[in-house]
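Listed below are the structures to be examined.
In the two complexes below, chain A is the common chain; its partner is chain B in one and chain C in the other.
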Partner chain A sequence: MVDQLPQWAALAPVLALAATGLLLLLIDAIKPSARSNTSMAVTSALGALVSLALTVWFVVAGTGHEDTGGAIYLFADAIKVDTMALFFTAIFASVTALVVVAAHDYFHDHESPAEFYSLVLFSATGMALLAVANSLAVVFVALEMVSLPSYALVGFLKKNRGSVEASLKYFLVGAVSSAIFVFGISLVYAATGSLILSDVAEGIETVDGLAGVAGAGIVMMIGGVAFKTASVPFHFWAPEAYEGAPAPVSAYLSSASKAAGFVVAFRVFTEAFPIGASISAGIDWVLAFGILAVVTMTLGNFAAAVQENVKRMLAYSSVGHAGYALIGLAAISAGGSSNDAVMGAAMAHLLVYGFMNTGAFLFVAMAERWGVGRTFADYAGLAKRAPIACVAMAVFMFSLAGLPPFAGFFSKYFLFMGAIDNGFVWLAAVGAINSVISLYYYSRIVKAMFLDDPSSESALDAVDVRPTGLYGAVIFAAVATVLLLPGFGPVIETAEAAAAALF
Partner chain B sequence: MIIEALIGFTFVAALLVLLAPNEWAGRLAFALSLVPFVGSLYLWWGFEAGGNALTGGAIAFESRIEWLEIGGRSVSWFVGLDGISLPLVVLTTFLVPLAIVSAWTPIDTRQSQFYGLMLFMEANLLGVFMALDFFLWFIFWEAVLVPMYFLIGVWGGPRRKYAAIKFFVYTNAASLVMFIGFMALVFGLGDSVSSFGLPEITQALAAGELGMWFGIPPETLAMAAFLAMFFGFAVKVPIVPVHTWLPDAHVEAPTPVSVMLAGVLLKMGTYALLRYNFTMLPDQASLLAIPIAVIAVISVIYGAMLALAQKDLKRIVAYSSVSSMGYVILGLVVFTEYGVGGATFQMVAHGLISGLMFMAVGVVYNATHTRMVDDMAGMADRMPIAVGILVAGAFAYMGLPLMAGFAGEFFIFVGAFGADAALPYAPVFTALAMFGIVIVAGYLLSAMQKTLFGPFRLETDYEVGPAPFHDVAPLGVLLAAIIVLGVAPDLFFEMIRDAALPVVEGVSVDG
Partner chain C sequence: MVPVEWYLILASAVFCIGLFGVLTRRDALYFLMSVELMMNAANINLVAFALYYGDLTGQVFALFVIALAAAEVAIGIGIILVLYRNFGETDVTVPTEMRW
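Moving on, here comes the complex of A and B:
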C-alpha cells in the first residue's frame, strides 16, 4: 500500500507532528474556551500517536529501505527518508506521547497550559525534521527548531526562580553552541563547496590543502553535537536545566532531545565525513568521539554517584548514557566488520533509553506533583503508599543500570559486544565498569523507596492523590521497558539495517 | 509446551497474588503454588531422557524458539530437562508451597507483596534450572536476585537493609565476573558456534574448537574463563572465603525466605558449577583439582567450626550450610560417577534438610521470639511435636542412615575415596572432609541439648504452647520426604547417575 503513495508522503510522520502543533495553536486562537488542559493534552497525544503509527507502518512496509528502492530524496536532496530517520522518529513520537499525557496532570493547576503542548509538538517536529535532514542547512534549521521551543519549555514555570534560571543558562549555552555549530558548518562548506551530505563527503576526499579548514569545522560541529546530546565538554547546562525545568520537560529533553542530537551525529559524521577519507585527510573524528565517550560516561557516572537530589542524579545519569551512546560513533573504523552492529546497538539503546529514562523522570514528575520533596531521603517509604508506581520506578532504575531482566541489559550488552567485535575492547571495558558503578546510585532510589522508613508518619500523606495521566504514562513506560526484552529482536534488526545503510 | 506452561503459570500466579488482598494472599499463594508442584510431578512421570543435556544426551521436554541474533550467534528460548535438572526442579516446586505455609505465622505485613515475590522468585528459579541457552539462563539467574533483595530487605530482621544490600552487591559483582568469563569463552570459540545454546558450546569446547582471541592462547583463555566462572559461582554457593554474605542474609531473612535461600538459591551456585565449570571445562577442572579440593575441605571444616562458635540457632544452621556445600564441591572435583552423582544428590538432600532445619528453628522462634541458645532450655516440654521433628532434622544433617543426608554424603565419600586418578591424595581429602561430620554432630547435639531438653526456661515473657498445625505440617511433610529419599535414593539417583556419567567420561585422566 505504501508504494502507491506519492513520494512526499514519506514525510507524513513529520507532517503529522507539525499539523498537530498548528492545530493546537488554531484551537487556542479561534476558540479559547475549548483550550482546556484536557482537550489540548488529548489532541497532542493523538497527534504524536498518529505520527508513531505512521512511522511504525512505514518501517514495517520498508519505506526508504534498500529492498524497496532505497532512501527517498526530496526537495533537491535536502531531505532523505530512510530507515534510520523512521527509527528515530519513532523514538521522538513515543517520548512526546508519554510526556504530553504526563504533563496533563503535572500542569493541572497551571493558568495557561495550552502553550506547553504546542511548544512540545513544534520541538518534536524539529526533531523529526532533523532525522530526515540530508543537508547541513536543514540540519541547522531543524536544530534551532528543536532548541528554541526547548528554552521556553525549561522556563515554563515562569514564576519559579529555578525554572527561569535554568532556562537562561540553557539558552546562553545553547546560543553559544549554536553559533559554534553554524560556524563549523560554514568552514566545512568553505572547504568542500557543498552542504548536501554526500557532496560534502566527495569534497572531503579531495580536500588536500584545505584539510585544516575542514578539520576546524568538524571539531566545531562536534561541539554542537556535544551540546545537544549533553556530552562533555558541553554538558554543564544539563544538570541545571533538568533540575530546574518542570519534570515532564526534563523527561522530554533528556530522552528525545538527546536522541535528536545523536541522529545528527550518526548521520552527518558517517555520511558527510566518511571515516577512511577523513582519516587520510588527517581528521580523526572517531578518536575524538572515543575520548568524549570515555570522559562523558565516567564523569556522568561519578557525578551522579554523589548527588543527593534525585532529579540531579538522573540528570548526570543522562550525561553518562550519552557517553554509552557515543560508543556508537567511537567504536567504528574504516571498513570495520561490525560498524553497523555497534551503531545499530547505540540506536537501539537510545530507543530503550527513551522509555526507561522518560519513565524515570515522569516518576519524578509524579513525586513533584505529590510534593514529597526532591532528595533521596524524601523518597523514603514511598513504596508503602504507592507500590505500583514504585515498582515501575524500580524497573527503570534496574534497567538503566543494565540488569538482565530488563531491556537495558540487552541494549547495553549489544553495544559493548559490538565494540568488542570491532576491536574496541577498551571502550567496552570502560563502559562495563561504568555500568557497574551506576548500579550503586540507581539502587539507592530503590532502597529508599522500598527499604527505608519515612521520616514521619504524615510525610507521605500527599501521596494519596492518584494522577491518572501520570500513572498511565509511568506504567506504560515500565511495561515497554520490560517487553522490549523479549521484543528486542525486531528492534535491533531494524536498527542494524538502518545503520548498515550509512556505511 | 509443558515447561512454558509451568513457568508462565507461575508468573501469572505471582501477579494474581500481588493484586490479591492481604487477608487471604497466603492461602491463595499456597493453592496456586501447588499447581507447579503437580506440574513438576507430571514432568517427572513423563521424563524420558538419556545422558547429559549438555554433552549431547537426549533432552526431555525440549523446546526451542529463535529469539534474536547477536554478532552472528543466535539467542533462543531454549529449555529442557535432564537427570541433573529435573530433581532440582522438583525440589523447587516442592519447597515453595511449604515455605509459603511456613510464612503464614511470621509474615504479618504486606502479605500480598510477600507471597507475590515468592512466586515470582519460583518462576525464575524454574527458569534457571530449565534454561539451556546462556542468555535465557542468565536472565533468569539475575532475575532471582531482585525478589530476594526485596524479600530480605522489606520483611527481614533489624539489620535487613545491610543484609539485603550485601547480598545484592556480592552476587551481582560475582555474576558480572562470571558473565565476562563465559563471554571470553564464546569469543574464543569464534565462528565454530552459531548460537548461545549450552549444548552446542559444550560440544564445541569438547571438540577443541577454542582458538586464539586477541592474542591469548586457548589454554590461557580456558583457564581464565574457568577461574572467572568459578569465582562467580563460588560466591553463590558459597565457598570460604566468599561466604560472608550468607550468615547475614540468613539471620536477617524471615524464615520462609531462609528456607528458599538455603534450599534452592545455594543450589543455583553448585548447579551452575557443575554445568559450566565441570561439564564444559573438565580439563581445567582436573588441572586445578588439588586447589579446589583444598577449598572444599576448608569450607567443610571452617564452616563447621564457625557453626560451633555461634550462639544463634539460625546462624548455626546457616554456617553448617557452608559446610555442607563443601561436600558438594568435593564430590564434583573427583570426577567419578558417585562423586558427581552424589554431589547432585546432596544438592537435593541438603535442600530438603536445611529447609527443614530453618523451618523448625522458625517455628521455635515464632513461639519464643528468640533464637539465642542461652535464652532457652527445655523447649521439648512445651512444643513436643515441633521439637521432635527438629531433632530428626538434626540427625538427618549429621547423616543418619536411611535419611537423605546419609545417602548424599555416602555417595560423595564413596566416589571421592578411590578417585586418585582425577584428584591426587583423594583419600586424604576425603578423610579430612569426613571429619567435618564429627564437628557437625558436636555443634548440633550441644545446641540441641541446651535448648530443647532439661527443665523449661525462657528469657522472654511469651507464653509458649504447642505450635499451630499449619506451622508443624510442612515440617512433617519435609521429614517424610527426607526419609523417603533416604530409603529409596534411586528415585532420583538413577537419573542423576545417567546424566552425570557423560560428565565423568568427558574428562581425560592422564595422571
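Moving on, here comes the complex of A and C:
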C-alpha cells in the first residue's frame, strides 16, 4: 500500500507534526478566550500519535529500506528518508506525546498554556526534519528550528526567576554554539564546494591543500553537535537549563533534543566525512569523539553522584548518557566489521533512553505538581503515599543504571559488546565502570522513596491530588520501558539495519 | 581579483572578534551583537567561496543564515526582556539562582 503513495508522502510524519503545530496556533487565534488547556493538549497528543503511527507504518512497510528501492530523496537531494530517519522520528513523536499529556496537568493553572503546545510541536517538527536532512543547509535550518522554540520553552514560566535564568543560560550557550556550527559548515563548504552530504564526502577525498580548513570546520561542527547532545565541552547549560525549566520541558530536552543531536551527528559524520578519507586527510574525528565520550561519561556520572537536588542529578545523569551514546560514533573504524552493530546499539539506547528518562523527569514533574520539594530527602517515604508512581520511578532508575532485567541493560550490553568486537575495549571498560558508579546515585532515590521515613508527619500531605495525565504518562513510560524488554529484538534489528545503510 | 584565501583570513578575524566579545562582554545585548558577528563571518566565507566555485549554493545558504540570525535575535531580545523584568538588569553575571 505504501508503494502506491507519491514520493513526498515519505515526509508525512514531519508534515503531521508541522500541521498540528499550525492547527494549535489557529485554534488559539480563533478562540483565545476559551480555557483551552485540555483541547490543546488533546489536539497536540493526537498529532504526535498520528505522526508516530505513520512512522511505525513506514518502518514496517520498509519505506526507504534497501529491499524496497532504497532511501527516498526529495528536493534535489536535500532530504533523504531512510530507516534511520524513521527510527529517530519514532523517538521524537513518542517523547512529544508523553510530554504534552503530562504538561496538561503541569500547566493546569497557567494563564496561557496554548503557546506551550505549539512550541513543542514546532520543535518536534524541527527534530523530525533534522532526521531526514541530507544537506548541511537543511541540517542548520532544522537545528535552529529545534533550538529556537526550546529557548522559549525553558523560560516558559516567565515570572519564575529560576526558569528565566535557565532560559538565558541555555540561549547564551546555544547562540554561541550555533554560530560556531555555522562557521564550521562555511569552512567545510570552503574546502569541498558543496553542502550535499555525499558531494562533501567526494570533496573530502580530493581536499589536499585545504585539509586544514576542512579539519577546522569538522572540529567546529563537533562543537555544535556537543551542544545539542549536552556533551563536554558544551554541557554547561544542561544542569542549569534542566533544573530551572518546567519539568516536562526538561524531559523533552533531555530525551528528544538529545536524540536530535545524535541523529545529525550519526548522519553527517558517517556520510559527509567518511572515516577512511578523513583519516588519510589527517582529520581523525573518531578519536575526537572517543575522547569526548570518555570525558562526558566520567564527568556526568561523577557530578551526578554528588547532587542533592533530584532534577539536577537527572540532568548530570543525562550528560553521562550522552557519553554512552557517543560510543556509537567513537567505536567505529574504517572497514570495521561491527560498525553497524555499535551504531545500531547507540540508536537503540537512545530509544530506550527516550522512554526511561522522559518518565523519570515526568515523575519529578509530578513531585513539583504535588509540591513535596526537590531534594532526595524530600522524596523520603513517598512510596507509602503514591506506591504506583514510585514503582514506575524505580523501574526508570534501575533501567537507567542498566540493571539486568530492564531494557536499559540490553541497550548498554549491545553497545559495549559492539565496541569490544570493533576493538575498542577501553571505551567499553570506561562505560562499564561508569555504569557501576551510576548505580550509586540511582539507587539512592529508590532507597529514599521506599525505605526512608518522611521528615515529618505532615510532610507528604500535599500528595493528595491525583493528576491523571501525569500519572498516565509516567505509567505509560514505565510500561514501555518494561515492554521494550521482550520487544528489544525487533528494535535492535531495525536499528542495526538503519546503521548498516550508513556505511 | 582578491585571492580567496584573504577572505578566509577576513572571516576568521571577524569570527575571533565576535568570540572575544562573547567571552568578555557582560551585557546580554553586546553578547547578541558579538554572536551576530560570528554568524556574519560564516556568511563572508559562504559568499566568497560561492564566487570561487562558481555555484550559488553558498550564496543562497548565506541568505538562510541571515534569516535565522534575525530569528535568533528576536528570541534573544525576548529572553533579555524577561530577564530585565525579573532581575532589573541585563548583566549576564547577575542571575545566579542555581549553584551546584
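Convention: the second predicted complex is superposed on the first by the 500 of 503 C-alpha atoms of A that agree within 3 Å, B and C clash if a C-alpha of one lies under 4 Å from a C-alpha of the other, contacts with A are read in each partner's own complex, and residues count from 1 in each chain.
Here is the rule we go by: contacts are C-beta pairs under 8 Å (C-beta built on N, C-alpha and C of every residue); 3 or more make two chains touch, one makes a residue touch a chain.
Since the structure is predicted, the reported quantities are computational estimates derived from the model, not experimental observations.
Applying the stated contact rule after C-alpha superposition, one finds that A:E144 touches chain C and leaves chain B untouched. Of the two partner chains, neither chain B nor chain C is touched by A:V59. Of the two partner chains placed around the shared chain by superposition, chain B is the only one that A:D421 touches, whereas chain C remains out of contact. When the shared chain is aligned, chain C comes close enough to touch A:A303, but chain B does not. Looking at the shared chain after the overlay, A:K158 reaches chain C, while chain B stays out of its contact range. When chain B and chain C are set side by side, the one touching more residues of chain A is C.
When both complexes are overlaid on chain A, the residue A:S338 reaches chain B alone and has no touch with chain C. Those residues of chain B lying in contact with chain A across their complex are 67-71, 110, 113, 138-139, 141-143, 146, 150, 153-154, 160-161, 164-165, 168, 172-173, 176, 180, 183, 187, 214. Put simply, chain C touches chain A in their complex at residues 8, 11, 15, 18-19, 22, 28, 31-32, 35, 38-39, 41-43, 45-46, 48-49, 53, 55, 57-58, 60-61, 64-65, 68, 71-72, 75-76, 78-80, 82-83, 85-87, 92, 95-98, 100. Those residues of chain A whose C-beta lies close enough to touch chain C in the complex are 136-137, 140-141, 144, 148, 151-152, 155, 158-159, 161-162, 164-169, 171-172, 175-176, 178-180, 182-183, 185-187, 189-190, 193-195, 213, 239-240, 243-244, 303, 307, 312. Remark: chain A residues 338, 341, 384, 387, 398, 403-405, 409, 413-414, 417-418, 420-421, 425, 432, 436, 439, 443, 447, 450-452, 485-486, 488-489, 492-493 touch chain B in the complex.
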